[in-house]
């Protein structure tokens, strides 16, 4: 439970807000690189409440600029993307990816106006198939985050995206809510459910125990469940500042990475990257994920909207809910969205009743509030300074009773936390 | 004409408003009983501005609870209705029809959280095919209203419902506006119009005279029209606190009962029950009413929306308006809705020009304002205390000139007002 | 660039605003005469932010009245237009085109209510196929504006209309922005472009030079472009108070007249009249204009909405934009609307960067602000007093270098400005 003003502080991201100012000290992903072609159609981008335009110029460089021409404020979306710049179709004024005005052909030849006009433009970094923007002060720009999958070849990665119609924090909190997996995503038809040993772990212990540890990138949130054989099934999920989640894989399964980027206060861009650090992804896996498995979304063709969404009650099928799945809603992403979107665009956290299972959510809120306070006092948090702190990976393991996740060196090494563990010894 | 603040006082019904608080001292119908099946899909209910959820449990009991789970505020609409309770699909928390938390399976076995969490739940009474909620203080709960049709078998009743996109009072005032029947609902094609002697009464005298009398249930509003033979055609319509109308029948025709329940400030749930106190309803009557006659609505299949509605200009046909009906709009309910909805969601009563024909409307507003003042001063109005005051029925009769409706004992007996009439002698 | 309060002052037109009060001192066109038939369906009209109803009575007179019946405020849109008045279908009250209440049949025969009730009604003038309203004080009503095309027979005029979803000023400013023609409306496929010598002028000099002169009707805005032969191509466009534009024709081509009438603050009614002062319009011309040429709009059949509009990104075709036209949007009106609507409903003029090409826009804003100040001080501007000042016509000519438009007597005579020019000599 939060006070109303704390809730506002955590959820509002526009220019001038506390969280908005904080997030502008991190690189912010905003589009897949394939969504922009050289000299191709520009794309409107809403980002942290700002209306922007992205385009890729003749040389392949990406611009992320104010959507509106500074002259008379017509939308540059209708502009011509040509010869290393975008040209407003109203009067032919032309701007490059850095927001410089290159030409003002509607003015006399001796005009010096081009030198005086400048468009807001955010530096863009392209990596891992994503475009990342730096929206903060130039002097504070750090190295981009060094997520481990960024170094993998395409054969080892799978990408999907959708827009969640809810505040970013609301969506992201679902990732650190291990208990809900035992319910929301449960299968009732036992033939299906029994094929997954993990499904059995989730059913066997529906009240996981948390161990939550601070880390340079944010928090390590480890949930353990007791198995029928009295072992502990550990799932270790990372929260990385300011809006990343790396949810624990199935044991031996693929890893996943997700960002919850605020388009504005009430809509979020959610990218999932599933990756296999040590092998290629199979075609069978790609087919399954394209069909909405492993927490990839099913979207309306040609859009970023979920096919199952609020206006159609997530296509809930009450008969299916009776016999086949806990919700009657198809797809993990749609199930999660039904919960987080149904809370309203920004849930009223002053009316919650948090419980033991919510310890990771509570820890994340506290970290965020502390980080805002720290940043407001003029101090940087470690994740602002170094992209290297992001080189971690989530993990899972079956360990003997009494052994915590961070006592297992194999797991810690796999997660990229071995150094920290060894340093702590 | 009302002052702006009086208009606000009469029309706003949310928690904490004067009218909202007053209405919460009466049983409030909110759904047809058939809309909920044991262990079936729950239904979202908006009622007096509150977002609620209705469900019928395994044993047939109906719950009317807060729509949102108290844990993390996901909508319980997606919940599982099973084994005498509704279970949130997010973390499996389960609640019964009284709002008690039965299980919190995401918490450790020794958790006492279930005993501490409680959901808003309103007591529900089922009668006459309708579900009625008590939203006021438990100690003040009276017996449910004893409308006379509640005791009739289904063969003698016919039921319909729709949602009016306007404030409850606006819709209801149309019922106490006898004069409009002579115009809004008039037929122009004389072959049709002449088949009803009543239609002739309406055309013959378009300026009815009112006699309005107080009664324990609210008001008796009697309009008389002079016939060509110089008799008086009396139509006696009841207003029952807080939002009921019982419109006068045709002479010898079926009675009707209607409620104008505020879903919120700008939308109302309108139920019409047509009943024959002394005989079964014929199939021909049922067929006619299903086709929109006798003030029953024609709705979009599977919805509670009028087929003829604002967005399609009530399907007005100007050619039909020239020759067949006064409005060119089909159906009495749609004709009324065209008038009351076109005023805007909450009409500005400070800009009206009321006339002689509006005496009943004026009397109802005065009664409501007086009742709010009375309730605000801590006193109950009679209708709050006893369900028996509602055992009245509307009526109509042709009486000699000079004889008022309440001097005719047959009519008074038929309307259940004989006792009052005799006591007054 | 304007201050925020100046922008508000120029753009808000509701009752009681500075611009709204000013505009109400001019005749305001609101509908084509053909949209109303005697005793036909009335039409809802939004005008300067007021909700009105227009109808043509049995005798052909047009009423423009308050949309809502003064009795209970039902919409008169559903009314019966019959026997020289509109009759509310709720209670049969009847009003004539002057707002007089003719009958209140729901009241007793001796009622004097009809004499006491009065509806807002604005005097209407019909001319040139348009209906014009006087919404100001009766005592201040001037003669209607004497635009020169008003005297022409239908064979010499062509009419079109559409609704722009933006503030009136935003739309109108595009007319006084000569430079944009060289870009926004440019053709890239040279076979097409070369067929018009004028197109060559626009391409040859993309930075026109302004000469702007005050006039009783408003402003004469003349833009000159240098041709390849070093002559000056003059285009003389008129701004007439408060919302008229007369854009320069092609040399020897048809003239055009346009009004930008505020329906409300965020929507405008745009009428284009193209006329040939000295000959009949050909069928080929009519066919071309109906297909969207010469700045006539292509609208959705049966509506006043543009077919290419914001919700479909003006049907922009990026392939066409690469090779055939500067925008990839079809139709001059849609191209203009894409620019002016994409600025938002009311553009933020405090964030513009105006340039040399914007001198006419700057002059118009200054004239409007000065006129508001003048009117606010109780003084009339000349155009308020006399309809004759409007008898001007736009023009264009190819003149030798060094000769200004107003030094050419032929051109000045053609434009109806010869008197002024001679007086100035």
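As written, the chains take the letters A, B and C, and residue 1 is the first residue of each chain.
Simple rule for what comes next: a contact is a pair of C-beta atoms (placed from the backbone, for glycine too) under 8 Å apart; a residue touches a chain by one contact, two chains touch by 3 or more.
Keep in mind that what you see is a predicted model, and the values were worked out from it rather than measured.
Novice: Just how much do you need to spin subunit B so its Cα atoms sit on those of subunit C, in degrees to the nearest 5?
Specialist: A turn of 120 degrees brings the C-alpha atoms of subunit B onto subunit C.
Novice: Is the contact between copies subunit A and subunit C built from the same residues on both sides or from different ones, judged by whether over half of the numbers are shared?
Specialist: Homomeric contact, different residues on each side for the most part.
Novice: Where the CA atoms of subunit A average out and where those of subunit C average out, how many Å apart are those spots?
Specialist: Here the centre of subunit C sits 49 Å away from the centre of subunit A.
Novice: Quick one: which residues in subunit B touch 2 or more of the other chains?
Specialist: none
Novice: Touching subunit A in the complex: which residues of subunit C?
Specialist: 177, 179-180, 182-184, 206-207, 209, 313-314, 316, 318, 321, 326-327, 329, 335, 338-340, 342-344, 347-348, 351-358
Novice: Okay, in this complex, where on subunit A does subunit C touch?
Specialist: It comes out as residues 40-41, 68, 70-75, 77-78, 80, 89-92, 104-109, 111, 113, 117.
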